[in-house]
Amino acid sequence: MSRPALPPRASWQPLLELALAEDLGAGDVTSQAVVPADARGRAVVEAREPMVTCGLPVAAAVFSAVDPALRVQTTGSEGLACERDAVLLRVEGSMRGILAAERTALNFLERLCGVATWTRRFARAVEGTGCRIVDTRKTVPGWRVLDKYATAIGGAENHRMGLYDALLIKDNHVAAAGGAVAAWKAARAAAPSHLRIQLEVEDEASAIAAVEAGADWLLLDNMTPEELRRVAGRLRDRALLEASGGVTLANVREVAETGVHRVSIGALTHSAPACDVALEVAETRA
Amino acid sequence: MSRPALPPRASWQPLLELALAEDLGAGDVTSQAVVPADARGRAVVEAREPMVTCGLPVAAAVFSAVDPALRVQTTGSEGLACERDAVLLRVEGSMRGILAAERTALNFLERLCGVATWTRRFARAVEGTGCRIVDTRKTVPGWRVLDKYATAIGGAENHRMGLYDALLIKDNHVAAAGGAVAAWKAARAAAPSHLRIQLEVEDEASAIAAVEAGADWLLLDNMTPEELRRVAGRLRDRALLEASGGVTLANVREVAETGVHRVSIGALTHSAPACDVALEVAETRA
Amino acid sequence: MSRPALPPRASWQPLLELALAEDLGAGDVTSQAVVPADARGRAVVEAREPMVTCGLPVAAAVFSAVDPALRVQTTGSEGLACERDAVLLRVEGSMRGILAAERTALNFLERLCGVATWTRRFARAVEGTGCRIVDTRKTVPGWRVLDKYATAIGGAENHRMGLYDALLIKDNHVAAAGGAVAAWKAARAAAPSHLRIQLEVEDEASAIAAVEAGADWLLLDNMTPEELRRVAGRLRDRALLEASGGVTLANVREVAETGVHRVSIGALTHSAPACDVALEVAETRA
Amino acid sequence: MSRPALPPRASWQPLLELALAEDLGAGDVTSQAVVPADARGRAVVEAREPMVTCGLPVAAAVFSAVDPALRVQTTGSEGLACERDAVLLRVEGSMRGILAAERTALNFLERLCGVATWTRRFARAVEGTGCRIVDTRKTVPGWRVLDKYATAIGGAENHRMGLYDALLIKDNHVAAAGGAVAAWKAARAAAPSHLRIQLEVEDEASAIAAVEAGADWLLLDNMTPEELRRVAGRLRDRALLEASGGVTLANVREVAETGVHRVSIGALTHSAPACDVALEVAETRA
Amino acid sequence: MSRPALPPRASWQPLLELALAEDLGAGDVTSQAVVPADARGRAVVEAREPMVTCGLPVAAAVFSAVDPALRVQTTGSEGLACERDAVLLRVEGSMRGILAAERTALNFLERLCGVATWTRRFARAVEGTGCRIVDTRKTVPGWRVLDKYATAIGGAENHRMGLYDALLIKDNHVAAAGGAVAAWKAARAAAPSHLRIQLEVEDEASAIAAVEAGADWLLLDNMTPEELRRVAGRLRDRALLEASGGVTLANVREVAETGVHRVSIGALTHSAPACDVALEVAETRA
Amino acid sequence: MSRPALPPRASWQPLLELALAEDLGAGDVTSQAVVPADARGRAVVEAREPMVTCGLPVAAAVFSAVDPALRVQTTGSEGLACERDAVLLRVEGSMRGILAAERTALNFLERLCGVATWTRRFARAVEGTGCRIVDTRKTVPGWRVLDKYATAIGGAENHRMGLYDALLIKDNHVAAAGGAVAAWKAARAAAPSHLRIQLEVEDEASAIAAVEAGADWLLLDNMTPEELRRVAGRLRDRALLEASGGVTLANVREVAETGVHRVSIGALTHSAPACDVALEVAETRA
């Protein structure tokens, strides 16, 4: 399988600009006072703990945005499991430029590596079951494409990107339409045919009824492993089955082994701990 | 002490717009297919676990941005420790509008309440010591003002907002200037007098030398509690002392009891777990 | 079937702002010179020929953007087949505001009604065949969501909105992957499961091979009606079949009657003639 | 006469960005799934029918915006009448980049060549009469500068760019001012002297009265060829005369031969059919 | 003559947003620390010296942008010659909102009243001569439409707004074209007929030659009053004559009395001293 | 002391874009009509009077923004006192590009050199007294970072950049808090410790009381030299003293000699006269 593609630059450029503006403001007063304008140097960005690499091109873009004259080079590729002290990126040029970009570049890396590393743990936990981890829309606002890039790098499959690229019929829609099957039929009739439709159900009977009516993609919400096993045994050849609700590292394999095709986990993006990365100046000269 | 003020709308409006654009895209295809255009309803946003409330006005702004005709009302104030099932916000109007805004509003709340709740735990842990928690610049890119608002709501003091509103002389600056004291003196001579200057030191001797030279704000990085106690005993009346490095919930009180005035913790913002909030539709009608 | 929903305001607001900026610039020098600042009036926007109405809320938004104090009221709903002289919109307030917004509001209407009206002709032409018209990505740059809204109002089904919400494997992809079936399999393995995959084929054998391999959505490009009939006869119960290439008002019914489910037509959006609409001032007073 | 100048990049950059964002969104899911990240190739953009070339630098800018590493070369100059299969542009580099930019680049060309080609037909129709074609403000919203560039490339003269760079006194202004001559005098007194003033009149008597009062630029709206001939015979040496209303390819020469200096035609921009252009991949390699 | 119209809001909204962002940043730390969140008050903006009022609606927009709940009322109209202590604007509502907007609102007023007041002095100086003052493009970058609004309010006529709404052939163009008359003829042949053409000449002979060739608008640059008088005596009925170069309050009347129609003065906008305005809080309450 | 650093490009890029847009609009109609598209040339920007250089990199950025192919070179460094006819910048390339950028580049220079030159006069006037000039927030809206850069280049110290990077307690805050000392104590308790607090006082007794209460930074507003001398004699070793109000070139040395550390002057930025700079074309060729 090919490596997930970095989202188009234009899709995260506004976030990069916000991030630099909020940190730089009217300028880096410390470097302006202490570091000579013509001081030059070399620095490396290093992992301070084992992690899955993610976001190196984004970090490189931060350095270049602050100072287009910096020479920036990423090392290794995205998605590698690296060790502590691994070098992620090298940068050379004006010290003021390097120091002004440092924190923003690191903050991007900390989160992207954090999400990828955290996701990789879930992906590893279900290895061999044939079940895949998928992410959700519970991403940090402003970070949708980057958060989902990081989960893909970590080994998850991306669920829909937003409200626009697939239908997901949930309880409130069902209530509005007078039942799950009715909602599904209304959706299939009204939605453009290039869009897939997922239907959320909460028990076995509803799942069966939905598939009988034509549904081919179900979200099995908050079911016990026992229920999931029964539904999967009966429907897994007729519909794509995704389990969700209360999944943790401790129980994800149990859920995966029920026979569902997918397990979706909001915590991949809403609660991933950051990875520790740091910039080390290797050499400075005036 | 007065409650921290919500940052100016203009400072988080671009993030709100990014967040809505990334979720809505060309439109909410599910609601358009299933929910009648004229369906109206009432819903509440509720806490799904105990938490410190934060970001209710931001969530309200999300609903209004999606549909200016929605009637939105926040309940209770920012910074309250609320119980599970507490109602945070009520919204009434077009069901399509409510459902289109739902996920983005919840995502903002999950993170803001998450950071505030997480910070509150640290703040509670040092209560009575006279020491205060401070945040860092290790915020999620694009979220600086909101992340720092949430730490303040949680009970931390804000450290500088960015590179522009205070000087912090770190190892790389010290190296460039040929020593900590030299760097501090250069900074004091060059920086505008309205800006305070913090100097990072890593041992007792450097701390003493810095204060002798005039420094009145130190960052004591990666010192042991024993070292911190010695430095604090000697310098706490002459300079503002901030400890940093490796601080966790488990050891934060030990650090705070050394006599330093501040403890800074990057994890407040780079690794805060999200709080669980949900939207419940209370009534729908055509 | 419910009426297509107007895309979210945020998705066409930048276009509206560009449009007003390019016409207004530093101000309407004619009205400033000739129309008193306090002159008020009432005006109507009227159809100058029979047309399918589309974009009335967009036109209303133009007037309000120029002068928030204008009272604007659209008449009738979107998608109506109206006669010459039908009133589409009423506006009342400052004459300077009305005249400054006039041309931009009309230009939006001319195109949106134009595309909807043009599309309706194709939709009418295939009525009763069970085949539906679909649009393409051959829209005017900057106009994607509005152009596709207009085709939907006209009676077409929307094809994918962009490169991001469905896969369409065309000749260049097939070449890169070493064959249509290989490309389809690679795509199915690599793409997130919520995204549907359409495969372009150019002859009957390829179509059959693709469906045997699992493809359930084909683009039958540049086939003769005879070929289409054979493919449809054989595959229409196993895959969604879309014909494209060289379709005009003159031959669209012939294509639709071959048994394909969809006919896609770029000319809906790249060559729709404008509809004629005009603003009439009903009353002016100082 | 020199060739019309491409408008400043900044004046169409926002439209280019909108256009790419609406097509690319979170990324080209097809190429990401099927085309290797390191595949490279060469492609040409070709005319699929005879046309007047227009917008080649804009199309080149689209490719470069998607992927700055693409090597793009336009062939021939703007405004040429080219044959079917003429090569308009060559591009070489990453296949993913080429395919991601393809549709947007083509959409710009289809419209710009379309407007230029359509305009050229009108310009040819009046050749030798001394009368020139002029455009109007009936452009596609967001496209004012590009649409008017295309009409100029096609051989028309540009009328005012917007409400700000010339005065055009129409019926509603006349009504507000109490008569055409009064309106003209008010305008001349109030408007800055660097701005020219055009006065719309609908009959011979009004035209004569206006010129007697000092008007030197008239819009003769909806007059018959007979009326136009009388007015032109009497006033063409004293004022710039522009005819408008109901002009088509079939009657434009008749109008031009009445002796007026200009004929303005909204259909140049509101109803120009697109030209057919396509991208052909010449060579692909991993 | 009607009062000059305030430029469209959209044309100065970006400047207003920049201005607020640069002053407010992450928030008004003083008011947040000292002024209770619920404190309310009334304040007035007053003239601290005699001045011509200009920009009151802009200042009002600043207050409303900071806090839409503020009640803001301008007093008197634009262009009035007011005395010291005149009240220009009243505002009531949240004290934090009033204080956060104060400096930005005052800075707009100081400049706009400054330019208008300074311009009025020149306009008064030439009263009765029949000659009018005109401005130039020597405005503060970002302020073109507002600076030119202020000169108009002060009594000047606006010269062209930018490079796009009139032609001005200067020495470098003349050099490129091989002579003033040649340049003028080339311009008249190439430029759209709705655009007027001004030709800069530096001596009497050139002025005469230009008018003989058809030029009807001259910029007489750096001529002595004696030369201006000779040119005006000879050409003032055949062309619009504008003098420029080295004009001050001390000599403007002498220039105006030479018989030229216009005198253009860059100092109106590049060197206008600010007017002194201040905000006084009339009443505060919790 | 190192030379003040040019603010980050991102902090003035929006102003540069506004400035170019407002001047260029849909294009430079004069050059398009008169200057051949392929004409090339060399030009210099020169001082037309003695001045302190400031903003050369900004002017260079203007040329490059208009035409990235121009070769631009600044001569000499920022802050130099140059003579009349000194060359500030050289530019070579397309004549159309050079002429399109000319006025905007000059307008930036005129203001930036103007503010720097004007400030230098104040700085020279207090030389030897040990007192420094500081600027204020009375800058031209949109120009905060550039105006303050220019005052620093001129020799002033920058006061706070906006409402966010230091506290300044003024009369209205004092009134809200019930006294100056109470306000100061409230501010010190509530504000983050990295922010300094300045307190405005208007008489000696208040100054003394403030310092006794802990204040270490005072704004002595509208005091006579005699009062300033008494306050400085008593408090200059315990607090940073800044005088303000009614300071001119004529009296600034008298104020500086009272023993205060700083004198703040709004006129540095709100009323600086422009410097005269011009572009001379050295050579043109087709």
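So that you can tell them apart, the chains are marked A, B, C, D, E and F in the order they are listed, and the count of residues begins at 1 in each.
In this text, contacts are C-beta pairs under 8 Å (C-beta built on N, C-alpha and C of every residue); 3 or more make two chains touch, one makes a residue touch a chain.
As the structure is a prediction and not an experimental result, all values here were calculated from the model.
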- Task: Please give the intersection of the contact partners of chain B with those of chain D.
- Result: A, C, E, F
- Note on the structure: With centres defined as the mean of Cα atoms, the chain at greatest distance from chain B is chain D
- Label of the chain whose CA centroid is most distant from the centroid of chain C: F
- Task: Select the interface copy of A-C from among D-E, B-E or E-F: the correct pair shares over half of its contact pairs, counted by residue number.
- Result: D-E
- Item | Gap in Å, rounded to a whole number, between the CA centres of chain F and chain D | 45
- Inter-centroid spacing, chain F versus chain C (mean Cα positions, whole Å): 52
- Centre-to-centre distance between chain B and chain A (centres being mean Cα positions), rounded to whole Å: 22
- Query: Can you list the chain F residues in contact with two or more other chains?
  - Reply: 2, 24-28, 32-33, 36, 100, 144-145, 161, 164-166, 190, 192, 195
- Message: For a test of understanding, state which residues of chain A touch chain B in their complex under the given definition.
- Response: 14-16, 18-19, 22-36, 39, 95, 99-100, 103-104, 106-108, 110-111, 114, 137-145, 161-170, 172-173, 175-177, 183, 186-187, 189-192, 195, 267, 270-271, 273-274, 281, 284
- Message: Can you tell me which positions in chain B touch chain E when the two form their complex?
- Response: 2-5, 7-8, 10-11, 144-145, 148, 161
- Would you mind writing out the residues of chain F in touch with chain B in their complex? 1-2, 157-161, 164-166, 189-190, 192-196, 198, 217, 240, 261-262
- chain F-facing residues of chain A, complex: 17, 20-21, 24-28, 32-33, 36-37, 65-66, 96, 100
